[in-house]
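Alright, structures below, take your time with them.
Shared between the two complexes below is chain A, which has chain B as its partner in the first and chain C in the second.
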Partner chain A sequence: MSSKRINPTILVIIMLGIGLQITFAHSVSTNIVVIFVTCLYLCYCKASGKLLILTSLYAFPLALGSWWSFIMFGTGDVWHTAWIYASRVYAYLYLGAIVTLTVSVKNILLSLSLHLKLSSTFVYGLLASFNLLGRIKHQYKTIRYSAMMRGTTYHFWNPSLYLRVIIVALNWSQDLAEAMTSQGFTEGAARTLTYKDNLPKWQWCLATFLILLYFVFSFLVRPW
Partner chain B sequence: MSISLKVEDLTFTYSIDSKPIFERLNFELPLNSFNLLIGPSGSGKSTIFKLMAGLYPQYSGIKNNGRILLNGQEIADIVPFERARHVAMLFQNPSRQFAMKTVFEQLVFALENIQYPAHLIEKRATEVLKKSNLWQFKDRILQTLSGGEQQRVALATVLVLDSSIIFLDEPFANIDNVSRLVILNELKQLQLTQHKTIFISDHDISNYNGLVDHLYEIKLSSQNLVELPLTELAKLPAQTKVTQKNLPDNAVFSWHNLSFHIGQRLLLSPNSLNIPKGYVGLLSGDNGIGKSTLFAAFSHQKKYSGNVLYNGKSSEKIRLRNWARTVANIFQNSSDQFIKLHADEELDFSQSNSLHSEYWTAQRIQDAVNKLDLIQVLKHVNYQLSGGQQKKLQALIILIMSQPVMLFDEPFAGLDLNSLENLLMLIKQTTKDLGLSTLIISHQRRGVVEHIDYELLMDEQTIKRLGEF
Partner chain C sequence: MQTVDHTKKGWSVKDVIFLAIIAIFFGIIYQVWSFAYYAIAATPLKPYANDLTLGVWIMAGPLAGVLLKKVGASVVGELLAAAVEMLLFSSWGASTLISGFIQGIGNELGFAATGYKNWGRLGLLLSAIGSTIITFVWDWFQSGYSEYHVGLLVSLFVIRFVSIGFFSGVLVYWIKKLVNRSGLIK
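Let's turn to the complex of A and B:
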């Protein structure tokens, strides 16, 4: 990982620290600043433009929906409230994107276990299930096809389809847990960690600074 | 370091109200030796291995009595990272034993678990991958490897842990004979040069003669492990070939210029062939050559170019729902086939939807169930059946459906010779009676080829009918 990038742990802290405040802040301008700054960082990291545009498009109906409902049914300063809620959707989205689009799931989880002592059972359980996601998608198709071979159709709204997916996933998790145990994985025990990342002190300062800065502006200065 | 593994007076059951699988079992694993465990499917081969590897009763079942001692200490009480240095295991289901994404990450994960020194991990993983001839797979994504390749990676994971006792639970179910021999010899070398103790369970006893020091069998009658004389291994009939027959030219299922890729790799270059109606064919070929993918293409589960034809009409425009009533794919992984929870529900469901309900009368189904020895497990949950019982149930529920084209992918994996013969006879009878076109992928040739009508070989991106070219 390039040392000029922000450490995944710091990114998660920034995401949570600012994201939580956004929920209570009543300022359009700070939301826009968040969107702007996170977009800059995403460009700097050369995050996938296609994914970014795609997620932005997905979020559009949500933003429009909340904007429109405040304009139509809101009370008080409806324009201000409408824009707060609309911009909030995108502020959340890009805050999330600085974590998910610039670092792999594996590095996020390992970094959190290294710096924030996240339990390794949690980390490797999640990692294993992420690695199985492709199989689960495939399994969904297989189950539908097996049903067809037996002369019945499972439509995507059919609960028995998901029941089957869950049963299969449970079976996998049992097999996987047995295999991991036999490979020496022990819940709560120490393990060697070969994952290394760079977390200079200034990045902790950066996170604190950004979170405080956001706090001061959105709750004390409170611009429009 | 001296090590011992002993089972004393063990009684084990899966649930309180069922009969114990083992009763008062006593066994001591001979060290620095190569051991083979045989026994009919469902007799408890996986169970005894998982017990001796310390995984049961933690993950399943109840130990009513007795002890399993690793170096004099109850094995279930030893923490997994300690245990893994002594005892490791290779599982029946190749794809479900990996926590990580790539081959290299998987080996590193195992080493981290046993607290191997950080600075030596990369070196150790590299060394084992090179020794196992898996170096070129280093960065491959595990879930995209073939069953055989996955099993080789799983073996490398066990080797990297350097455990002294290695259990291998039906490890060759999805591996072709060439790789199987390579791995067997590799295991023998590990035993001879590194003093490992190897314990394999296998339904197929061919090629073990001369390798094995001790042969064991689970006796269902006494629920115990008995040692058999090694001469049992030499009693095998000679490997037979499919006898060429003149088959009628009555094909209803064929393909024209069929070809497909996996990723960048071409698996089949344009190929045209047909298969006769009312006969059972064997599709052979090496591991990873694309046999399962061919079945996936036939059943419209995988994109291809060219045409798959039924009754001379191309099938590509046919809706999957209807095509699934023409071509049935009996998956390598049995549990993928099940759509109900219990064995008897599966049978009832097939019976009511069968394309040949006049043939599959209640009596005929009953006979088939008896023949396949599934009678005691009808009320059981599918997933809790043994690997072999799942295979038999899976094959039966699709046979009852009786699609005109039947594609069986490794239906005999994990079956003992007796079960195998009964299942194969049932497949053959149904194929003949109903005029189906049946094709079977089977690495296991013994006990199979003598009943096969023709053989297709998949090799070098082509498929040809043996004896014709």
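Let's turn to the complex of A and C:
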């Protein structure tokens, strides 16, 4: 991985550190700054423009709905409130995107296990399951089609649909866990790693600085 | 060499994979379901869309609880579902993970109130009440519920409780009964 990028662990810390504060902040300007800075970073990392535009379009109904609902049902300064919550949707979206669109799932999980000591049981368990994504999608179709063969359509409120899902999950998790064990995976044991992940000190400072800066601006300065 | 300790109470890699696979299935089910949500969410009725559908997003937590019957299963189950959701499907970005954690805490408190002894009707009822209150308080800040009229808030709270009560309570209870009858999980 290029050393000029921010480490995935630091990205996750920034995402959670600022994301949590956004929830309690009441400022349109800080939201816009967050959107602007995260977009700059996304461009710098050459994140997929198509995906970015797609997710932005996808989030538009949410932002519009938030905005509109405050105009209709809000109390106090409805315009200010409406813009806060509409811009917040995008602040959250791009804040998440700096993690999910610039780093692969594998690198995020391995980096977290290295620097934040996330348990290897979770890291490798999750990795194993993410690799099944294609098969799970396929299985979901199979479940629905086989029910249709018997003349029933599964809606998401049908308990039987979830029973099928649970049966598949039970079987596959058993098989995968056994396969991992037979390949030498031991829960909680020390592991040798071939994965290299640089985390220079200045990046920890960067995360702390950004989180504190956000705090000062949104809770002490409190711009519009 | 045997490397799996079947007697231990903590989290095994099998549990993690089990919940993650269920979470991915949920992600796929949510995708279909979210079209209905988006249709209402693009209008001023968005808060209603939120509260009406909330129960579905929360299901993973109590389901993990009643299936694994472990301390922390609801939080971990919901957090895993949120992580999967954020990494693979989400249009909510960073808030997915944080909300997932909050929702899981709400459910967990309900089971904790029974001393982790009741995973049946009472546990599920308390877990539904727990997550209704906790998520409502959370939305007070996150989704700006503090700015709405009182009348709207009351109706939202009732709708939220009905949604969570049905999907994360009654439906999870039915699923649990089916699973028990099938004898899959002891």
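The rule is simple: the second predicted complex is superposed on the first by the 209 of 224 C-alpha atoms of A that agree within 3 Å, B and C clash if a C-alpha of one lies under 4 Å from a C-alpha of the other, contacts with A are read in each partner's own complex, and residues count from 1 in each chain.
What we mean here is this: a contact is a pair of C-beta atoms (placed from the backbone, for glycine too) under 8 Å apart; a residue touches a chain by one contact, two chains touch by 3 or more.
This structure is a prediction, so every number in the text was calculated from the model and none was measured.
After overlaying the two complexes on the shared chain, residue contacts for A:Thr142 are found with chain B alone; chain C is out of touch. In the superposed pair of complexes, A:Asn131 makes contact with chain B only, with no contact to chain C.
In the superposition on chain A, contact of A:Phe24 is made with chain C only, not with chain B. When the two structures are aligned on the shared chain, A:Ile167 is found in touch with chain B and with chain C. In the superposition on chain A, A:Arg191 makes contact with chain B only, not with chain C. By the touch criterion defined above, A:Trp68 reaches chain C but does not reach chain B. When both complexes are overlaid on chain A, the residue A:Gly151 reaches chain B alone and has no touch with chain C.
The partner that reaches more residues of chain A, of the two candidates chain B and chain C, is C.
Chain A residues 124, 128, 132, 160, 167-168, 172, 174, 176-177, 180-181, 184-186, 189 lie at the interface with chain B in one structure and with chain C in the other.
Those residues of chain A lying in contact with chain C across their complex are 15-16, 18-20, 22-24, 55, 58-62, 64-66, 68-76, 78, 81, 84-85, 89, 92-97, 99-100, 105, 108, 119, 121-122, 124-126, 128-130, 132-133, 136-137, 140, 156-157, 159-163, 165-170, 172-174, 176-177, 180-181, 184-187, 189.
Within the complex, the chain A residues that touch chain B are 106, 124, 127-128, 131-132, 134-135, 139, 141-143, 145-154, 160, 164, 167-168, 171-172, 174-186, 189-194.
Against chain A, in their complex, chain C makes its touches with residues 3-5, 11-25, 28-29, 32-33, 38, 40-47, 49, 56, 63, 67, 80, 83-84, 86-88, 90-98, 138, 141-144, 147-149, 152, 167, 171, 174-175, 177-179, 182, 184-185. Residues 50, 53, 55, 58-60, 79-81, 83-85, 87-89, 91, 93, 95-101, 105, 108-118, 121-122, 142-143, 157, 161, 299, 301, 320-321, 324-325, 328-329, 331, 335-339, 341, 349-350, 353, 355, 383, 397-398, 401, 403 of chain B are the ones that touch chain A when the two sit in their complex.
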